[in-house]
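Here come two complexes built around chain A, the first alongside chain B, the second alongside chain C.
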Partner chain A sequence: MSLSEISLGNLVKKQFFYKLNAYTGVFSSMVLIQVIAIFFSFGAVSSGSGRFGVQINVDYHSADTLIIFTMLWAFINAVTIITKKYRDDDFAFVTNRVSNNVSNMLFLVAASFIGGVTAILSTFLIRVISYFVLRDHSVIGYDVMYSVQEIFSGLLVVFLYLLLFCALGYLAGTISQLHKSFVVLLPVVVMGCLIMIVIYGSEVLLHVIEFYSKETNTLLFVGKTVITSFLLFAGAIILSNRLEVRK
Partner chain B sequence: MKVVACENLIKTQGQLKTLNDVSFSIEENTITGLIGRNGAGKTTLLKILAGFWRGTSGDVKVFAESPFNNLLVSANAIYIDDQMDFSTALTIKEILDEAGRFYEKWDRDLAQRLFDYFSFHPKQIHQNLSKGKKSTFNMIIGLASRCALTMFDEPTTGMDTAVRKDFYRALLKDYIAHPRTIIISSHHLEEVEDLLEDVLLLESGKKHLHLPMDVLKEYAVGLTGRTEIILQWTYHKEIIYQKNMDHGTTYVVVKNDYFPLEQAKRLGIKISPVPASDLCVYLTNKTKGGIDDVFK
Partner chain C sequence: MMGINVFGIIIIQLVFLLLLIGAVVFIIKKGIGKTNKSKTTYWILGGYLCLLLLSVGVYFVTPALHGQVKTEEIENTSMPNFDRFIYEGEPVDISNDYKVKQWDFDYNDEEIYLRYSGDDQNSLPVRLDKKENDSKIEAVYYQTPSYYNGINISSYTDPVSVNKNGDELFIELPETAYLEFTSYKKEFPFKQLTDERFLENDDLLFEDADEIFGNQFLYLRIPKNIKVNADSGIDIYEDGIIE
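Moving on, here comes the complex of A and B:
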């Protein structure tokens, strides 16, 4: 009897490409979410003030909505690909828990990257639409220029934030797969903790957010987000290594 | 070489022991029928062998390795049932192509020919297939993957008679051309008995017997005769099954060990062979009289 030997690396590669093929739903939901976000961006914050017969209206066309929506997508997307349905699909072919998790992780990295690119490009789309539809000529002009470097650093930041949310979602998804009750317990505990933090006026949460969002050194920022994401993924892998599949 | 070896395997699900102290081994290149009533533990056993589930205690070895979370086992063992789920984003043709990339011994040609023979449309989605068509498609994956250990769990669910016959024939032909270890679980022993070399009978999570098919066919005899004679004759014997017929006659099934058959014939007892499929039903009945006992 000759047995097929397959190396982990080779298998992860196969699974990664399989997932890019099979998880197309992830990307169609991304397009949908970003289109909605672009739409919402036009209901942008508007403030006006008038004095001495002069009325000044300032409209903010911000890409924040878009980025936040995409982060939400990243989180939900990571929770989704660890659900039973997706896991059962994966276990139809050759796999073990580690290879499945690693290929999921790589898939999420790829998805974050694609999500980041489209999010950054969408910010330009918002400008173009403002220019042509809203006749807002101030958004495109000589003084509104971006250097290539700025665009790429923007992309890097969005990509890493998305990755962080993917990793968070992946861990949350994995925990909720361990036992049915966790599906309810996990959000309750998280919400409970948040409420406690607010009630006691603790600034822990604020510090945590600032730890990631207020970092101005690019290298440190990359280090912080990559290491955190990696730790979250590693936690998920360790937890799911004993998970039974295909009930 | 032993492909599967189980020793004192126990699997507890909630309070219930779905597998209770099961020990057996399966040799290389054999076709074994895993027979048992509903809830006997067939699926549980197969899922443990496939590495999906973990045994609660006891020792399981597939290709001499523990199957749970094992890459070697996953690459060389395939478990086919009607619950198989495939991505809804892929057409069934694409699923076959993907399967081909994962299984080293995949026979693309065979898969394509079976695909055409059972008239699948390449653009169909697995989820939208009918029950019988799903089973047929899953069977194609099971056959074409040529895994050293191929497990079919109730493979013919929903298939019509013609497809069922085709499936068994395809399985046998492919097995002869490419010998491998196959385990089929089925309710319909009469359909697969010509195919099987061994039978593993499970009852309520316990191994009831594990015998070659030829031995199983000779395992018991059926005796028909006047009730009083039959009862007298089988007084100290272990009765596997008993059924009261019309006109004071009784049919019993007893184990075929050194039974004085010639003498019995002279007393007017009719002796008949017991088909293996009936025997398995009798052996796993909770009561000697079957459903009749409920309506007594």
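Moving on, here comes the complex of A and C:
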């Protein structure tokens, strides 16, 4: 029996701040991934068309690639922080599975927020570089300026998508801890899903994606992503309780 | 053959995706392995954030980066379609707004030859009306403007020119102008909750340009006693019927 008792809230708080300080590598890898994605973004999508006497070619720049890279980062980041190496860090504390999971989730929420902010701000960096460095001076097009409302709305959307990917990664990572065979099976299932979408155009999977990506109502979008993330995290907690104390 | 190509492209996309995932895993594992309070990491993240914030400031003070402001809704239907004058033979009654240029030539011969000159990648339909014998040939070039993403691009192109040399009337087609522009596409998170047209676009990442290409034709009025001959590439319509 311990002489001093510590509440779950305090324990989670301590673990959360510990992880925020200790896992700084998560953020340096995010910076590296986003910088690479910025370079990818300059491989502009070209659109050409023309009629009588005129042929137009427009190079479109956008940070969509960077946002998708950041989603990948969120997913893999969540898988990685529950690998054995990082789980062992938690044993530096008097801890239990709940406090460990909750602090991980809070860390992933914070990482999603930071990832979301940097992804949204990097859209401006891409435009500035394309204009001043690449000398793309003949900018054509209307409605390309971001309004303040769009910026905050974009931040909310990216943050929630990143949270969703983190939750998905966290569940996938937890499943892979249950049995060694899942380490091989999970990537196979993920690749299978990708192949079904890309080659066979799987309607079911597309509907699942569109359930989130085609939701334009703010409240419904927040509801869908937050509830799904919560369910995925809850699933991860339930599964992690089946793990041995220190596997 | 087509199937193989499509399949090949899909395989390349999947391989690229795998490589991408592999690269991200590698970078994260390398980065996350450093579970120390490395000051370098804070400097990297801090420096990156400063750079991003600086770019936001630069963006808002550089109007050229904002694109053009759309001042009026340009509807394709608000401009006349010349098809009815060319192919249906309706009397040519078109606003002077769309009359780009007019030429009048004195002509007394019995025959005239219409020829193209200039960039033969372009072609221009000709509406031909016969009129009383007044020894004058009238040519009028009509064109509606073209818009690309809200910008009038007609000014970037040379108009058609008509000139006479002996018994030949040359329709000088403009050299094709090749225009290169840069544009920015708002990323899907910015639009998902704010853009009313978000769902109209099937593809969330890419969208079609907002383009309206104008139409044009040459209106020729020639005395009825003059026989008109033309090069095979020139489409001449008289009373809506191709000659």
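The working rule: the second predicted complex is superposed on the first by the 213 of 247 C-alpha atoms of A that agree within 3 Å, B and C clash if a C-alpha of one lies under 4 Å from a C-alpha of the other, contacts with A are read in each partner's own complex, and residues count from 1 in each chain.
The rule is simple: a residue touches a chain if its C-beta (ideal position, glycine included) is under 8 Å from a C-beta of that chain, and two chains touch if they have at least 3 such contacts.
Remember, predicted model here, so these are calculated numbers, not experimental data.
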Is A:T24 contacted by the first partner chain B, the second partner chain C, both or neither? both
Please indicate which partner A:F221 is in contact with in the superposed arrangement: first for chain B, second for chain C, both, or neither. second
Would you check which partner chain A:I6 touches, where first means chain B only, second means chain C only, and both and neither mean what they say? first
Pick one for A:K14: touches chain B only (first), chain C only (second), both, or neither. first
Winner by number of chain A residues touched, once chain B and chain C are compared: C
Applying the touch criterion given at the start, work out whether A:N241 contacts chain B, chain C, both or neither, answering first, second, both or neither. first
Chain B and chain C footprints on chain A, overlapping residues: 21-25, 85, 89
Chain C residues touching chain A in their complex are 7, 10, 13-14, 17-18, 20-21, 23-25, 27-38, 40-42, 44-45, 48-49, 51-53, 55-56, 58-59, 62, 64-70, 119, 122, 124, 146, 148-151, 153, 156-158, 173-194, 198-199, 204-206, 209, 211, 213-214, 216
Could you list, by residue number, the parts of chain B that touch chain A in their complex? 1, 3, 28-29, 47, 51-54, 63, 69-72, 74-76, 83-87, 89-90, 94, 98-99, 101-105, 148, 180
Can you tell me which positions in chain A touch chain B when the two form their complex? 1-6, 8, 11, 14, 18, 21-25, 85, 88-89, 91-99, 241-242, 244-246
Provide the residue numbers of chain A that touch chain C in the complex, in ascending order. 21-36, 44-45, 47, 49-64, 67, 69, 72-73, 76-77, 80-81, 85-86, 89, 118, 120-125, 127-132, 136-147, 149-151, 153-158, 161, 191, 194-195, 198-199, 213-218, 221
